[in-house]
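For clarity, chains are labelled A, B, C and D in written order, and residue numbers in each chain start from 1.
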């Protein structure tokens, strides 16, 4: 990853860690379970934003390099990887 | 929440906090972005498991109480809440 | 289902059938695959709207009846069913 | 699309049209709404399989061509398109 992406992703993840600690506090304080679920939805959303940033970076760099390579096996392995990532990391 | 649910959820969230810290380490060590995305997928999966546990608890307790109440407005508010939670917290 | 819900759902499904026929035409006319995918996303969206309408109806009628019944086994079977439906029919 | 992909996709879509007609029959026969929702989940699944087949084709052909082109604007437009498709067509 380039410096900018890495810093963005690191900042987002630090915020997500804070959100997860917030969730633990909510549970310890016995907050209404619907509110805890709503907060879980926010963490999913924040993780998805990280996933999107990484996926864009992955397309622009790793995938592009593999697809431009002269070795067709490399491009093929990248198509497989992209399909797998899309279906598990993107939600 | 009853004691058992609260402890289960607390344990799961502590594990998720650890996973998010693991993600931060992966980024700091400049690991391959596809591996970071795969790890993000695991965190989504673990959060979903918490969401499922809370949703089940919510149905069995809060929703049941509201639906059994004599006040139709309470049942109606619960249908609205369940629909909203289902579509944002369950994924 | 009551008459109103059944008619709404029937209308939506007829429209979805039309969308799926539209997709077949797009493929027969060899349209750009990204446009076909975008159209597939619209069909998912339309199906989700039907799912939402049915889920709301299910909560208000079938689930409410089971949860209000004097037989705890009936309520329990409904919690199981709701959890399963939520995770497969709601997306 | 090449001939093989087009035929596969056409066959899948014809089957999906049949499933949607089956859904309309279920509603006309006033079947249990949970069973209708389960059947809706099958249609989502079948549509996702078409989406996957198209996405793979799109990566191998359209995306590869754009990414290999000498015009950086073309690759960039493809990254945008892939990100959008991933988040709306793949679910």
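Following the convention adopted for this analysis, a contact is a pair of C-beta atoms (placed from the backbone, for glycine too) under 8 Å apart; a residue touches a chain by one contact, two chains touch by 3 or more.
Please read these numbers as outputs of a predicted model, since none were measured by experiment.
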| item | value |
| --- | --- |
| Length of the line joining the C-alpha centres of subunit A and subunit D, rounded to whole Å | 23 |
| Centre-to-centre distance between subunit D and subunit B (centres being mean Cα positions), rounded to whole Å | 29 |
| Separation of mean Cα positions, subunit D and subunit C [Å, integer] | 17 |
| Of all residues in subunit B, the ones touching two or more other chains | 55, 91 |
| Chain contact topology (line, ring, star, complete or other) | ring |
| Every chain pair in contact, whichever chains are involved | A-B, A-D, B-C, C-D |
| Touching residues on subunit D, where the partner in the complex is subunit A | 52, 55-56, 59-60, 63-64, 67-68, 75, 79, 82-83, 86-87, 90-91 |
| Subunit C - residues contacting subunit D, complex | 1, 6, 9-10, 13-14, 16-17, 20-21, 23-24, 27-28, 30, 32-34, 36-38, 40-41, 43-44, 47, 50-51, 54-55, 57-58, 62, 81, 85, 88-89, 91 |
